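Both complexes shown next keep chain A, but they swap its partner, so chain B is in the first and chain C is in the second.
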Partner chain A sequence: MFNTDTILKSLNDVQGVHQSLIVGRDGFVINSMGDMEADSVGAVISTAIGAIEAMGRDCKQGGLFEVMAEYNGGVVIAAPIGKEAVLGIVADESANLGGVRFVVKKSMKELEKVM
Partner chain B sequence: MKRAVDTRAVQGVLYGVYKALHNIAGASAPAVMRQAAPDILAELSKLGVSFDCVDDVDKLSSKIGETMEKTGMCDKMVMRLEGDRLKADITNCAFFDLTMHLKEDGIPPFGCPFAALTIAIAEKNLGKKARLVNLEPVPGGNPGDTRLEVQLF
Partner chain C sequence: METQKILDIAHVSFLDIIRASIVQLGAAATKGMLIRNAMATAEKIPEVSFDTLDEFVASIDIAGNPVTQVEGKAVHYGKGLFGLPSCPFAPSIGDYKSVYGGLPEDYHKITEDYNKQGPVTGALKVGHGAGVSPFCAVHQPLRGALKDRIRIGGNPISILQLGCKSGSGEKGLAQQWIDETDFTAAEVEKVLDDNMCCYAIKVEA
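Showing the complex of A and B:
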């Protein structure tokens, strides 16, 4: 049986992933795992995904599955969980991006069931 | 220095800001307000409106109610705790017309200052996590009468 703890733990077990969280669209952190300022990270991820969705809407690209931002130090991946929440993952440069995205996709199905 | 400002001017400005925020952040617009609220508190404190004395729900209720009434944000704000729900009845909200105009445009009341401040103070001063769960006109009430419900964790 999945719950948000087990799902976040499975994400953090992927090489290079060190932080993951589930945040409501209002920026309220539902659950988080890893060393981070969850409240501020959650609010920013929620806001960012809203802006990315708005970009897709105005560009007539339809709904958003996932967004990945690459930085000098690693990546941030965010994906909407239905209409109410967002999954956020922070990984360093050692992460296998294909592997991370695969686990994210798998986790999204599980999260949609438990949320 | 205190000055009286015509609320129509304030509502006009806020309408544009809230509409733009909603266009930019969509369903995540409330997260912007969550980020803004602690800064609103800090700025209010600099302007002489401090909530530092609040350390329990009763003080939160009386202080926020007093502040909102004195600043003309509403005629009355009465708060009560029911289980883990902090409920507030707001009489004659000064932003009611703004809320209705935004609602006509499909924009929810994510920028409600009553909700934002209640959540920010509960989190900062009471050490609770707080989340808006309901905000709607009081059924059968006068225009501007609003009920606010925040869940504490």
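Showing the complex of A and C:
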């Protein structure tokens, strides 16, 4: 049986991932696993996903599945879990992006069931 | 020539920033930002101690406690039940309405989100029905977080948001927090007849 702990652990087990977290749409952390300051990461992920959704809405692109931001040091992936929460993943440059996105997609189905 | 009112443009801008944030980031993220800002402000306020609840109440007259300093003078109805006659955001709302004629339509989205059950509003004992405007998402968490800056008789305190009243007279009650006090919903409503905000302070053993 899945729960948010097991799902976050499976995400953190992917090479290069060092933080995974579930936050409410208001940015307050529901659950997190990793070595970062989850409260501040959660706050920026919720505002980022809100802004990206607004961009999709204004550009008439429909609902958002996932957003990935690439930086010098790695990537941040965020994906809405229904209307109330967001999954966030932080990975370094050693991560295989295709592998991370595959696990995120698989985890989303599990998260939608347990949330 | 008649003297005209001078607007506080900071008031108007603040309310416009909230409106823009709802459109650009969503109501929930905006609410979260307002709550986090309020909690951060509370953390910056120096801690104070009072020997008794009566001493705390006496300090209201001279704004000698952090709650009064951020919201104005409340009325004590006994046994830790307080009513606040004026909403601290009333001047901002008044200035905004004088320009735009009313508050932005999207504001109700923050109020609705703020009243949902949530871990942070639960820990602060605010919202949960007591929100009547977006400004409650600033004022109530700020006051609620001040519980960590005040001790009475050497003990920690709880500040419970029991109810609030909008400018149009609509009352919102937080039954969950009322149930944690010795007061009834009818008593809270009565306090709100003469006040905009009603809360309780409990000294923890």
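Some observations on this one:
Operating definition for what follows: the second predicted complex is superposed on the first by the 115 of 115 C-alpha atoms of A that agree within 3 Å, B and C clash if a C-alpha of one lies under 4 Å from a C-alpha of the other, contacts with A are read in each partner's own complex, and residues count from 1 in each chain.
Just so we're on the same page, a residue touches a chain if its C-beta (ideal position, glycine included) is under 8 Å from a C-beta of that chain, and two chains touch if they have at least 3 such contacts.
Because the structure is predicted, anything quoted here is derived from the model rather than measured.
If you put the two complexes together on chain A, you find that chain B and chain C bump into each other.
Shared-chain residue A:25: touches chain B and chain C both.
For chain A, the partner with contacts to more residues, out of chain B and chain C, is B. By the touch criterion defined above, A:97 lies against neither chain B nor chain C after alignment on the C-alpha atoms of chain A.
In the superposed pair of complexes, A:115 makes contact with neither chain B nor chain C. Looking at the shared chain after the overlay, A:68 reaches neither chain B nor chain C. Judged by the touch definition given at the top, the superposed model places A:43 against both chain B and chain C.
In the three-chain superposition model, chain A touches both chain B and chain C at residues 24-28, 43, 46-47, 49-51, 53-54. Put simply, chain C touches chain A in their complex at residues 23-26, 28-33, 35-36, 113, 118-120.
Residues 24-28, 30, 43, 46-47, 49-51, 53-54 of chain A touch chain C in their complex. Contact residues of chain B toward chain A in the complex are 23-35, 110, 129, 131-132. Interface of chain A with chain B (complex): residues 23-29, 40, 42-44, 46-51, 53-54, 57, 83, 86.
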